[in-house]
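In the two complexes that follow, chain A is the common piece, with chain B as its partner first and chain C second.
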Partner chain A sequence: MTEADSPTWRVPPRWVLLVAVLSIVAAEVGGGAMARFKVELTRWARDAMLARPSVHGLVGVRDVDERILDEALVKFDAGLRLFHMHAEGMGLVIIATSMVAATVIRSAAARRTIIALLTAGGAGYPVGYLVWSALIPSCGLERAKTLAEWLVWVPFGSATIVALWCLAGTVAWSMMARRRT
Partner chain B sequence: MSATVRRPPLAVVLVAIVMLALGETAGAAMSRLKPEIQRYATARVAANPGAHGFSGSAEYDDEVRERAIFTAEAGLSFFHLHGEGVGLVLFFASTLVAAVVPGRRARAALYLPLTLGGLFPLGYLVYGAAVLELGRDAGIELAERWILTPLGVSAIAGLAGLWLAMARRRA
Partner chain C sequence: MTGRGLVARTTLAALAVLAAPSAPASAHHVGAYVPKDNAVTTNFKQVKFSVQAKKYDVALRLFDAGPLRAEMRAHAATLPPGLEDGTRAALAAGDGPEVERTLMIFFAALARDLALEADRQLARPDATADARAATGRKFLEAIWRYYNLVDFAVAMRDNKSSVAVRLAFDEAESYVKPAAGGAAPADPAGIRQPLQRIAQVLSNLIDSSSPTPRRNS
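On to the complex of A and B.
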């Protein structure tokens, strides 16, 4: 085989690349906003929590309440940071894995399904961290986590995991098929 | 304008995709199976009291147990993080090798260390398991000396080789 006819990558559909780049842009903006508006965000979350004392188990004793508020604010901040980190990473994962899928999966229906799962899962999963953070002040720590988990992390995370293992299986199958021919 | 980009061999792509899949799965397991993982870790520490240097003093033993479990969980967390990151590094670095390094032998010489380096995250799985079985210090020592360091050096060598190949091509 010469250099000229070495196997090449196929580019995934344009909408997939747009979603991936949008995810990376959102992560960058999120990271910048976290740093620039840290005080404002913390103040908003704190005020929202103080407006719902029963949701957070605030008892009106400063020593006790401050500890509860601090813990919730740490989680609120962690959610934003995890969104920043995961959206950047998953944007790249979408680009890499959809390129592999576009190149190695021969059946058009299977290729479209795997690419759709990889893209939706990869772009949707990090949003769960934003949802978690946004819900903490109004729903409390545990309820916010449960909602984010079942509305976003479980469905979108499962989509990515299933699609990735299917893709790994397809690549392994392609290798074996090439060896046989 | 459209350009074609050469791709690396499927074996290299497979390692990258499997690392990403393992990283994702570990992340989900860490979140969904946290109590089960902690229970398993506690049971393994209890099954290896000598390795963990238990003294019979409840206070001291509790502290040792907690540190060992924390370290094992950290191993799983590092595995999640590195599986995702190193999988992507292997994918993009090997694609660069395929696209810009001339000569089949030169490319093969870079694919090998890069792919071995792509297995680096597995060292953190060993790290977590070895801490539970051999004790914290001995477990970390084993994973670092025999897996993380050689595979990490391999990844660095592959990336340095890619950099040199690109620099030579430019010159």
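On to the complex of A and C.
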């Protein structure tokens, strides 16, 4: 391999790296807090749900209500876990994909747009799990999921997917262009 | 292939994998919930498996210290008299079939009480069709969780009752299942009739399976 053949990777803008690192830090802090305050969080969520029986469809019979509360608490915990996992993973995805974008996209406007979409989408999407989890005790399982979906998952997830397809298209285009020359 | 070409191909493949959503955008991964046993059903299974292994001393210890006995006490008013003492005596005597019979009566009584309470709640005139269907579904789930534990024992002693409960349960479910397109079921109030049938069949089963109290005349 000659010097000319070896790829020269470009570092993405500093603010992108900062957002990615903050996302990973938030994931670690969230994971640690989730384990440290598990009992307190569960107690808070349970009390909040018991204070809104109609929202959760509680019927006042222990044999029926315990199952409903258990499902809501399992999902509440799952939301916190999924935030931890996604924020950690998406931080790395932001760094990797924005580095590719900074390296392969020649047009400055397109490069800036794709990097912005990748960063905003990657950092925002995991927050949806935190929003979902936080809304479960007050809004109920389905309503909380709908809110998280339309407020966070759909816009930020779509931004990431669109940016990734644009980036994949750009890489493919540059490969074909190189083959023709 | 040059180094740059290899990197470009690898990058393209990785981007394609990242960008390919594995499910529709609305189906975000939010985990799955698998209903767990509650304290009573867990203790029942512990006692049952100990009896099946002929470890009656273990079964007695689990029964004495567990929530099954506490629940029997809590429901004493709606259970045949002496059910708790009878269960304990059967465990102490190592009488497996008698333990099975008393526990069958207990869980049949729990399921019957839930069916009666469901019928009472569904009779409220102020509830919407959606709320009735949701309440009905939750009660059916709770009834089945208890009845399912003793259905085999019921079928061994009184096959007709077992079949009647299961048929009534299937019918009740059909009244609260969401209609096509996720719409509310057409007539969730219809669930009351099969619920009443479940309660009636289980009451008869409890009466016929409980020894008649002796008269001292």
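Basically, the second predicted complex is superposed on the first by the 177 of 181 C-alpha atoms of A that agree within 3 Å, B and C clash if a C-alpha of one lies under 4 Å from a C-alpha of the other, contacts with A are read in each partner's own complex, and residues count from 1 in each chain.
Operating definition for what follows: a contact is a pair of C-beta atoms (placed from the backbone, for glycine too) under 8 Å apart; a residue touches a chain by one contact, two chains touch by 3 or more.
From a predicted model like this one, the values you see are computed outputs, not experimental measurements.
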Overlaying the two complexes on chain A, which is it for chain B and chain C: clash or fit?
-> clash
Of the partners chain B and chain C, which touch A:Val100 in the superposed model: first, second, both, neither?
-> both
Determine, under the contact definition given at the top, whether A:Leu92 touches first (chain B), second (chain C), both, or neither.
-> first
In the superposed arrangement, which partner chain does A:Val171 touch: chain B (first), chain C (second), both, or neither?
-> both
Touching A:Glu40 in the superposition: chain B (first), chain C (second), both, neither?
-> neither
For A:Trp153, select first, second, both or neither according to whether it touches chain B, chain C, the two together, or no partner.
-> both
Touching A:Ile161 in the superposition: chain B (first), chain C (second), both, neither?
-> both
If you count the residues of chain A that each partner touches, which comes out higher, chain B or chain C?
-> C
Only one listed stretch of chain B (25-33, 61-69, 97-105 or 133-141) runs into chain C, and it is 25-33
Shared contact residues on chain A - chain B and chain C | 6-7, 93, 96-97, 100, 104, 149, 153, 157-158, 161, 164-165, 167-168, 171-172, 174-175, 178
Chain A - residues contacting chain B, complex = 3, 6-9, 89, 92-93, 96-97, 100, 103-104, 149, 153, 157-158, 160-161, 164-165, 167-168, 171-172, 174-175, 178
Quick one: in the complex, what on chain C touches chain A?
-> 2-5, 7-9, 11-12, 14-16, 18-19, 21, 25-26, 28-31, 33, 35-36, 38, 110, 114, 117, 121, 131, 134-135, 138-139, 141-142, 145-146
Residues of chain B defined as touching chain A within the complex = 4-7, 10-11, 13-14, 16-18, 20-21, 24-25, 27-28, 31, 84-85, 87-88, 91-92, 95, 98, 102
Mind listing the chain A positions that touch chain C in their complex?
-> 1, 5-7, 57, 59, 61, 63-64, 66-68, 70-71, 74-75, 78-79, 81-82, 93, 96-97, 100, 104, 128, 132, 145, 149, 153-154, 157-158, 161, 164-165, 167-168, 171-172, 174-175, 178
